[in-house]
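Shared between the two complexes below is subunit A, which has subunit B as its partner in the first and subunit C in the second.
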Partner chain A sequence: MEFFATNLLNGLSFGMVLFLIASGLSIIIGVMGIINLSHGALYMFGAYVGWTVAKQYGLNFWFAVLSGALAAGLVGLFIERGFLRRLYKQMNEQVLLTFGFVYIITNICLWVWGGVAKVPFWDPALSGSFDLAGLLYPKTRIIVICIGVVLAVFLWWLQDKTRVGAIVRAGMDDKEMVTALGINMGRVSMLIFFLAAFIAGFAGVVGAQLWGVYTYQGLQTLLFALIIIIVGGIGSIQGALTGALLIGVIDAFGKALFPDLAMFTMYIVMIVILIVKPSGLLGRKVQ
Partner chain B sequence: MKNKKFLLIVVSVILVVGLLLSLGACAKAPATPTATTPAPTTSAKPIKIGALIDLTGPIADMGPRFKEGIDLALEQLNYTIAGRPVEVIFEDSGSSPTTAVERMKKLHESDGVKVVIGPLMGDQQSAVAPYADQQKVIYVGYINSTTGPVADYGTFLAYPATCVGQQRPSGWYLYEDKGYRTMATLGSDYGGGHEYIAGAIYGFEERGGTVVHKVWAPIGSPDFSPYMAAMPTKAEADVLVVFLSSGEDAARCLLAYANEKAKRDLPPVFELIVDVFTPQQYKDLESVVVGMYAQSTYLPLRDDPVNNAFVAAFKAKYGQTPVIQQNAYTNMMVYAQALEITGGDDSYEAMWNALTNRDFQTPQGPLRYSSTGEGLSNTYIAQIQKIGGEILPVVVKTYELATKDPYVP
Partner chain C sequence: MEKDRIQRIGRLPNEVERVSHLTSRILLGRFGPLIIAVILLLTLPPFVPMDIRLMMAKFLIFAIFAMGFNLVFGYLGLLSLGHGVYFGAGGYTVALLQYHLHIDSFWIAMPLAILVPVVLAALLGPIVLRSTGMYFLLLTFAIGELFYSISWQARFMSVIGVGGERGVRGIPSVIYPDLNIPGLALDTTSFYYFILVGFVICYILLYRITNSPFGHALVGIREGEPRMQALGFNTWRYKYIALIISAAFSGVAGAMFAWHNTIIDPSHFAVGTSFLPMVMSIIGGSKVLFGPVIGAVIVIFVEYFASIHMRLRWPLILGSIFVVAVMFARAGVGVYLERLWKKVGVRYGNTKS
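What follows is the complex of A and B.
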């Protein structure tokens, strides 16, 4: 029973980090039709900024989370306003541009913070374990699960229960019609991109509690995000959450029970979904 | 409207640049990969030495540290060997076998290099072996090597020993000194990882021990908790032998181990090649690593005149205690001594004759390369201790020149 409970929680916490990474990217692809390959690099940049604030300056961890999120958001804004908005509907150019930013951001991080990896760090108040009905489980991982749940609820509320969300959903389906109704989709796109980048940076510092920070995270987390989106479906917060938790739990149990297949557990899920339901578990069709 | 948008862009750029500059002012910038040009002493043709270091990819934290060691050696040599200026050309092998081969070819064919320090990883060493053997380019590993390049080719120096040879005494120690009889292992799933673990297992089993659980984790695994959840307890395995290829993998693994140990009585960890950790990483992992036993190729606290001089010089230059920087420093110094013997002749025949079957005294201890290039050196068993504010491995046992690989003739 303890083995099952431990791995379930391991899977949920790992899955929540994957959701934090993928949610922003899913929104950008769904709303703006842009495959922002620099999303993982924004995650990494936010994590490095958070490390600097929390470990180098010794400030409050949650202030570091906010700092990392804001820094990534501003970089995302710079990418969108300075470059991407000029490449409307030019998908190939968008992909190349954002992939170029992966290398730019990665090398900036390497230049500023060096090649030595930063070990996982967290709020000192979260050291130790919670006693969950006799099961001792690290506080950091429980907090990651809680943060993921709160973010998922917030994004669902924003998407489904607010006017802004309605505009975003309408824009996903028919951007031209929404524009014709007098809504400035350019401003909406800018805000969405900032929000997605903000979430990426936020995820970076929150995820650093488990993963630490290192210079190849940009590409590694991008790969994770794309897998989640493929499994969960594009443009769907519920899909991203479902996909992330599914992969997280399968990965955890897979590694524990079949460690020889550790390299493949994520990809097996993705392949099955692509065969059975190519649009993803809860995907929306992008116009 | 356009002005507002332009202003938004300008403000964003300024904020980002300002943020980066302020962070950069506080963070230490890594060494950049450039050719280290000596102060010219004569008009003689420079001796060119290549150095393959990983500055990008999963093991990017290692490259800058190796460069520190080489730079210190060059400084102490006054950038001169055998009366000729020496030039070290650094190339980024990118944590990739393919890139290592490309960079090796570039060093030899474009830069005219005949001796190379690196690459680090066993798969990179195996990848460059056929080319180096064909072109008679001598190259040396930074931290051990897989058996293949030594056994099957003739230009590779396995410093300070092969992976298997290096860890064989670890298996002896665990059986004879710690009294363990059963072992669980967790290793990085690549050539070097398999051979480090294989060496520890070889030594353990040849003394009578048994391996009860074996796990391989992909390099860069973000989460080790599932592996730890399935790890046998102390009732089933006396010791958990761990080798992971980078400090960040090892850090995540040990943190996951500590979390799981809070719930279940896991066996104690014995870490192979504890040198993957930097002094800062030791500090960040203090609660987990202090008291842990480990194998190390180099112990900075080892009291020896050659080592003491090296540590003092390194601390004076970089303000920190050296760890794996020693390996690159030693490789450079050994090459320098060989070139002094050959009078600056860096041809394969002259250098191989000068490097093999000869005793070198290094900060790590005595070093000798056999005719095949296999390194024979000391292996140290250490315990991680906190001494005067620093957390470092302290030697508890030395196996002298005991790194013979049973698979190398």
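What follows is the complex of A and C.
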């Protein structure tokens, strides 16, 4: 029972960070039809900035989260305004461009912060362990899960209950029509891209509490996010959440039960899902 | 043509003029760049320093890889981010044969280095070709990373504990193949010519393929798959076969790369490797056969100079190349060069271009 509970919680906390990463990417792909491969690099950049703020300057943890998120968001905005805006509907070029930014951001991070991995930097007030009906569990992971839940609810509300969300959902189905109704899709795209990058940076600082920060994270995180999008389906918060929690929990149990195969469990899930339901569990049709 | 010219000039050109005129016409004509390139590739290597010779070999290898990739990317219009799988498979086949079975004969290694990627493509094809566009891209990306993980984990695919405290993954100290020709052991110069021969064979094969009805059918599928289906083409089979052919060329390049690089490691399966032929194709121009070759020249030369002057900043430069290529050279440098060449031809007296 304890084994089960521990791994479930591990999986959920892992899955929640994955959800934070994947939700932004999923919306970008769904709304704008842009494959942003630099999403993982933005995550990493946010984490590095957060680390600097928290460790170098010794500031409050929540301030670090905010500044990491803002930094990633601004870089994302720069990429969108400066480059991606001109590559509308050109998938190959978008892929190449954003992968170029993976190299650029990764190398700059290596330049600035060096190759040594940074360890988690949790606020002492929030560390320690939590007594869950006899099960001692690290407080950090519980808080990560809570953050994930809060953000999931917020994003779901944004997507399903607000005017912005309605525009975004309409834009996924028929962009031309939405433009014809007098909505400036360019500005909506910019906002969405900023928001997605912001959440990626946010996830970076939060995720750094579980894994720390290192320079290969950009690609690794991207891979996680892509697998989750494939599994959960593109273009909805619910899809990203389902995929992320599924992958997170399966990965945690895979690591505990079959350590030799730990690296492959995600891929196996992905391939099975693809064969059974190619558009993902909760996928919506993307043109 | 010649008469016109004589009339225009008003006198018979003497022998020297005639010869020089003929040379300039050949060199500035349609096949001029090709002839110049062939002459350079044939004569230059013995006279340049070894590292430049090796760089030229590397560029030929990546040109083969990029051309093979471009069959699927440029002609068929499918963006695969998993071609590193076939490249790595070719390389690992050669390296593992040498490491485990001590077979370094070219005549065994090369057919196997083609066969293994072909089999892989034949197995993966039905999975990846279920999807198109964005899903195809994501799926091939993930499969590339899957192979990266496998080659990282599998015991027989790495020599653990060679150098470095974490151990080097992959197979180091791959040696040049044995061609089984008495009295010929490959050194860097003869290895270069060996690669050049391979490159020429691959180029001719791909030229034949892309100019065949099959190649035109691929372009037709790129431009409008439903239309090709309506015309009675089994488009799925065309895509499948194109993927397999492309994998075969990637395998050839991978095997050559293993010999060239002397070490093959998991990263050669991964997305970083898969992106190289793509950037080469886009820089050079993906709609023409020689486009990826020009892209390979540019990328490998820049890499060479970067490796001398700022090794640590190479990823930054490579990323910038990606960005510049996308923003400013989307049609491909190859196309610009072709246009420039026509202008030069017109300017210097070659009216027929």
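Here, the second predicted complex is superposed on the first by the 287 of 287 C-alpha atoms of A that agree within 3 Å, B and C clash if a C-alpha of one lies under 4 Å from a C-alpha of the other, contacts with A are read in each partner's own complex, and residues count from 1 in each chain.
Keep this in mind: contacts are C-beta pairs under 8 Å (C-beta built on N, C-alpha and C of every residue); 3 or more make two chains touch, one makes a residue touch a chain.
Keep in mind it's a predicted model, so treat the numbers as computed, not measured.
Upon superposition of the two complexes on subunit A, a steric clash is found between subunit B and subunit C. Between subunit B and subunit C, B touches the greater number of residues of subunit A. In the superposition on chain A, A:L87 makes contact with subunit C only, while subunit B stays out of contact range.
With both structures placed on the common chain, the touch criterion links A:L226 to subunit C but leaves subunit B unconnected.
Contacts of A:L136 after superposition on the shared chain: subunit B is touched, whereas subunit C is not. Look at A:E2: by the touch rule set out above, it reaches subunit B but stays clear of subunit C.
Once the two complexes are laid over each other on the shared chain, residue contacts for A:A252 go to subunit B alone; subunit C is not touched.
Within the superposed three-chain model, A:N10 lies in touch with subunit B and out of touch with subunit C [touch as defined at top].
Contacts of A:I108 after superposition on the shared chain: both subunit B and subunit C are touched.
In the superposed model, A:S23 lies in contact with neither subunit B nor subunit C. By the document's definition of touching, neither partner reaches A:T242: not subunit B, not subunit C.
Residue overlap on subunit A between its contacts with subunit B in one complex and with subunit C in the other: 106, 108, 110-111, 260, 263.
Looking at the complex, you find that subunit C touches subunit A at residues 73, 79, 81, 127, 130-131, 133-135, 137-139, 141-142, 145-146, 149-150, 152-153, 271-272, 275, 278-279, 282, 312-313, 315-316, 318-323, 325-327, 330. On subunit A, the positions that touch subunit C within their shared complex are 29, 33, 35, 83, 86-87, 91-93, 95-97, 99-104, 106-108, 110-111, 219, 223, 226-227, 229-230, 234, 260, 263-264, 267, 270-271, 274-275, 278, 286. On subunit B, the positions that touch subunit A within their shared complex are 5, 8-9, 12-13, 15-16, 19-20, 23-24, 26-30, 55-58, 60-65, 95, 189, 215-218, 220-223, 225-227, 229-230, 246-248, 251-252, 255, 259-260, 262-264, 278, 280-281, 284-285.
Interface residues of subunit A facing subunit B in the complex, by the touch rule stated above, are 2-3, 6-7, 10-11, 13-14, 17, 49, 52, 56-57, 71, 74-75, 77-78, 81-82, 106, 108, 110-121, 129, 135-138, 141, 210-212, 214-216, 220, 251-257, 259-260, 262-263.
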